Amino acid sequence: MWTSLKRLYHKMGSPKWFYEISTRWSPWFLLVGSALMLTGVVWGLAFAPADYLQGNSFRIIYIHVPASLLSQSAYIMMAAAGLVGLVWKMKMSFVVAKVIAPIGASLAIMSLLTGAIWGKPTWGTWWVWDARLTSMLILLFLYFGVIAIYNAIENEEMANKAAGILAIVGSINIPIIKYSVEWWNTLHQPATITMTKKPTMAPEMFIPLLLTIIGFYCWFAVWVFARTRNELLWRERRTKWVKNLVINAPTNSGAHQ
Amino acid sequence: MALEYLPDTDLSSKPLLCARGLYCERDDRVLFKDLNFDLSSGQIVRLAGPNGAGKSSLMRILLGLSASYEGALYWHEQDMARALYDFRSDLLYIGHDVGVKSNLTPEENLAWSCPNVTKQDIYGALKRVGLSGFEDLLTHGLSAGQQRRVALARLFLSSKELENKSLWILDEPFTAIDKHGVADLEQVIVNHAQQGGLVILTTHHDLSVPVKTIMLGQTQKASL
Amino acid sequence: MALEYLPDTDLSSKPLLCARGLYCERDDRVLFKDLNFDLSSGQIVRLAGPNGAGKSSLMRILLGLSASYEGALYWHEQDMARALYDFRSDLLYIGHDVGVKSNLTPEENLAWSCPNVTKQDIYGALKRVGLSGFEDLLTHGLSAGQQRRVALARLFLSSKELENKSLWILDEPFTAIDKHGVADLEQVIVNHAQQGGLVILTTHHDLSVPVKTIMLGQTQKASL
Amino acid sequence: MFFDSFSSFIEMGGHGLYVWACYGLAAIIVAVNFISPVLTRKKVIKDIQRQNRREQN
Amino acid sequence: MNGSMKALFKRDMLLAFRSRGDLLNPLMFFLMVASLFPLAVSPDPLFLGQIAPGVIWVGALLATLLSLDLLFKSDFEDGSLEQMLLMPQPTLLMVIVKVLVHWLVAGLPLAFIAPLLGLMLGLPSGGFAPLMATLLLATPILSLLGAIGAGLTVGLRKGGMLMPLLILPLYIPVLIFASSAVQAGVLGNSYVGHMAFLGAYLALTLVVAPVATASALRISIAR
Amino acid sequence: MNGSMKALFKRDMLLAFRSRGDLLNPLMFFLMVASLFPLAVSPDPLFLGQIAPGVIWVGALLATLLSLDLLFKSDFEDGSLEQMLLMPQPTLLMVIVKVLVHWLVAGLPLAFIAPLLGLMLGLPSGGFAPLMATLLLATPILSLLGAIGAGLTVGLRKGGMLMPLLILPLYIPVLIFASSAVQAGVLGNSYVGHMAFLGAYLALTLVVAPVATASALRISIAR
């Protein structure tokens, strides 16, 4: 048991193994994710009933909520990957952490934008200093910080370590930030404008939401795999397996691919 | 990568600092590879090579300030990572940037970098480097050479009785120093080696004493 | 204060730069007083003296960067204050701090400091100082000597045809430069003088060419 | 189908602009996430090929 | 603009874009100030809207002030400033080029991002036009006046934050007129008078500041 | 504290007092923010009193943030930081000493000058006690967390003002709890809970920050 775990760990640390396995899995994630998303979105947009309070604007939920959830869990994943990299000196893990940062940031932006747009018809304003909004904004800043570190440090190894430290410190603070923002808001905020509490949703509204959430996670995997493979190619450009792979790769003129 | 050895001055003693298979690459250019050496006490070792050969890089690797290398380092035959405390206790390093605060006086600078010595010792050392009378001026009001002399005064403080640093790593210690000063410094370095210290230095000056040379090669393209 | 003259190489020509009765005092210490000299084109002039003698101070006075002096300066027999534009048009100065931006590439650095030359000239000059292949790396990633070489490349660009700077003032140009580089530089300096330029420099190295020396004295207490 | 006509589907009871803007923006961000690694991959492969060629010379 | 000045302009823009951090520095600071206030004061949009003109303008002023530190400092430290002062061209030209770059990099972007801050702070809609207008007109003043302070303090070892002390008094008219222009806009009043004052102040500083900065630099370098 | 650390402490205090500008830097900034607001927002003391807790705390936060830039920078530039990392003593100790000095020089004085700002901004009398209390308790947090950012960005050429981006999110809990403690004080409510939270946050950062900073410095120097 222990030895097989160890073997798995070493395998995961191997770029070539990761490259191959992710190449094999990506299409499946893509397929499943796209199917789920298609079903969920069509169902949510066209078939689910309108909310009796918010009318049709509630259909934004099917992208807003998955993006919000995923951007938060992506940060945790990134910090965890950074921790593994720092503690066990596993380079693969650093690659994954690096690759998650821009994806997570894009999802945080998606959450903020869809939320802001949703706010206009429901709250009558694009932006309020609500607890959730504020903490999502701060999460975006945390992502920006990590990305900025990667951009600012040229030496890759150093950049990975520095970003790892920042991500970990940030993740320790996420619950504190969230708690403080929520607490702050309940103190000041007139209760008129708060985000709807977890609704006891009708199943025909809830199931598509579930589908899109799972679909987003699948897509997320595809994106992480694709970016990781690119990073690996460049890092391992001197190795034989990459050279072979690149020789066989179509050049820019390749009309067939 | 050529490695020139002067015969070891003291073959009987165990080596202080060993390097095995050092490899360093910068911007796709291999600075050195498969570098092996054993340095023992009593030696003066010069890292030589043209500008950009990798002398300072090698020094930073030895110091543990740089992580961009492969290979193994041993201090007193112990793995460097485990001997770090001992290594650093024994170490005196003066780099391209000498770590002298321009807003402190020479005396204050030394009081910080050599915390175990007395004020009298510091005045003595400053006198030795020709800075008597300048002890209480702010360092930024000194000339280029005088500023470097403040840092070099540490060499006069690190003798056996005072700071007891046996390993000196000096990156171009003679920069901006006048003739007379260079001769003085060479003398200190020789004395230190004779008292059982190990000195690793780089310089583009000609040294008037015989030293062991580690030659770092011309630039090469990386090819794995 | 001792003033040693080599016989002027070209007595017929009018002097380019004259100093009359220069006096400079720092922290109650007279660096030099009653300093007079006439420098003409074709000369290589070395300001000599130990660390803290006042070589850099004198240079900054000549450059008009320092106001803490007494005496008069003439450029082409005109009062310096009135000849300032001509003087500066003819001037190339490289000081202790070389004015190379670490966040620019060598090429970009030269493009700024020598705006009248072509990209090709710059590449040529960088090649001359041994930096071909490094043109597009940021300067802070270069070694200590290579960074100084970026500044020194200006010497190769200031020849008659290109920037046409006849007066070179160089404060320890050989700092951090390897043997080979020093020889190269000396050659450029000699060439410049032979083509009618005037070079004023300081260095603690031994020069292999004969030069006129202005000796700045040992430190003295001011006594008025 | 919840809506009785295509135009009412587009209109979304007056909220069409908001809903479609959201889905549009989301589509853009998703598309970027899908496309950018593909472009990067092409560039990386080209760079490696160029480097290999340089080293063969 | 002759060759040297063009080269200097290019160099400084290049440097600004290369160290992107410095470029975004004032902008980031500006954004930060605006997002901290709701957290510290109150999230109520109506209340925030009242203080928005003042907060935004104080933010802009502080952001510019902080970025001024870099105007001559790195050039002083690595010897480039000496080189510039030794150019045959008048120092005045050099100062103008550097101030121009500073404004393009640190001042102008403030004007463009200000509407976003207005949104976040619930600025009433009448305030947006005067906010942008005052920023466009008055950020050059901030750069110009700031350059004098930067020139006087460059290379000072004991000087640290001397600069605010020197130039803040000169900034205060700008702050008063600009923020009350925005407030006038919010209330629907005319703010032509304010703009005229700012324009006149700009004309004055355009004449005085570069000369003063050039002499300040000569003094600083001779130290 | 052993010999080296004592010497380091002495050196850093000496440096702080020698370049008095840097020492007064945060204090000046703090004062500036407080004196600009009445000009920019409204001179009405009642209105100002409402925003005073927030303004003062935002000022304190920004002031600390700006002073952090200097924590390791000059030591990095002249090679002293290398020397410190080469000392046999654990880097952790060195970090603690430097953070301590930073707090003594840049944080603590804020607490003592804050009442003056309270007066200038018309802070109701109930706010003074919690203002000082929160500043005393929370400025160490700012120094500690800030050190992480300073350690990560020291020596970065592209980094400029990266730091705010990195650590401001971490400062936000402090800002929220501290400013609402003051507000609670103004309203005559208890602010024990706020203080307890700040105390807990201080404990956490005391554990985490020095370790993180030490590793950050090792990474920065190895670049």
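Each chain carries a letter (A, B, C, D, E and F) given by its place in the written order, and its residues are counted from 1.
Here, contacts are C-beta pairs under 8 Å (C-beta built on N, C-alpha and C of every residue); 3 or more make two chains touch, one makes a residue touch a chain.
Note that the structure is a prediction, hence the values are computed from the model and not measured.
**Q** Starting at chain A, how many touch steps does it take at minimum to reach chain F?
**A** The least step count works out to 1.
**Q** B-F versus C-F: which has more C-beta pairs touching?
**A** Of C-F and B-F, more C-beta pairs in contact link B-F.
**Q** Over half shared numbers or under half: where do the identical copies chain E and chain F land at their interface, same or different?
**A** Here the answer is same, because the shared fraction of interface numbers exceeds one half.
**Q** With chain centres set to the mean of the C-alpha atoms, which chain is at the far end from chain A?
**A** C
**Q** Can you give the whole-Å distance between the Cα centres of chain B and chain E?
**A** The answer is 46 Å.
**Q** So how far apart, in whole Å, are chain C and chain E when each is placed at the average of its C-alpha atoms?
**A** Taking the mean C-alpha position of each chain, the two centres sit 38 Å apart.
**Q** Between chain B and chain D, what is the gap in Å from one C-alpha centre to the other?
**A** Those two chain centres are 56 Å apart.
**Q** Quick check on chain E: which residues sit in contact with 2+ other chains?
**A** Counting only residues that touch two or more other chains, chain E contributes 18-21, 39, 42, 157.
**Q** Which parts of chain A, given as residue numbers and ranges, touch two or more other chains?
**A** 148, 151-152, 154-155, 158, 181, 184, 188
**Q** Can you list every residue of chain D that touches 2 or more other chains, as numbers and ranges?
**A** Nothing qualifies.
**Q** Please output the residues of chain B touching chain A within their complex, sorted ascending.
**A** 67-68, 224
**Q** In the complex of these two chains, what residues of chain A are touching chain D?
**A** Residues 41, 45-50, 55-57, 59-60, 63-64, 67, 103, 106-107, 109-110, 113-114, 117-118, 120-121, 219, 222-223, 226-227, 229-230, 233-234, 237, 242-243, 246-247, 249, 251-252 of chain A touch chain D in their complex.
**Q** Quick check on the complex: what are the chain E residues that touch chain B?
**A** So the residues of chain E touching chain B come out as 157.
**Q** Which part of chain F faces chain B closely enough to touch in the complex?
**A** 3-4, 6-8, 10-11, 14-15, 18-19, 74, 77-80, 82-83, 85-88, 221-222
**Q** Using the touch definition up top, name the residues of chain A that touch chain F in the complex.
**A** So the residues of chain A touching chain F come out as 86, 138, 141-142, 144-145, 148-149, 151-155, 158, 161-162, 165-166, 168-170, 172-173, 176-177, 179-181, 183-184, 187-188.
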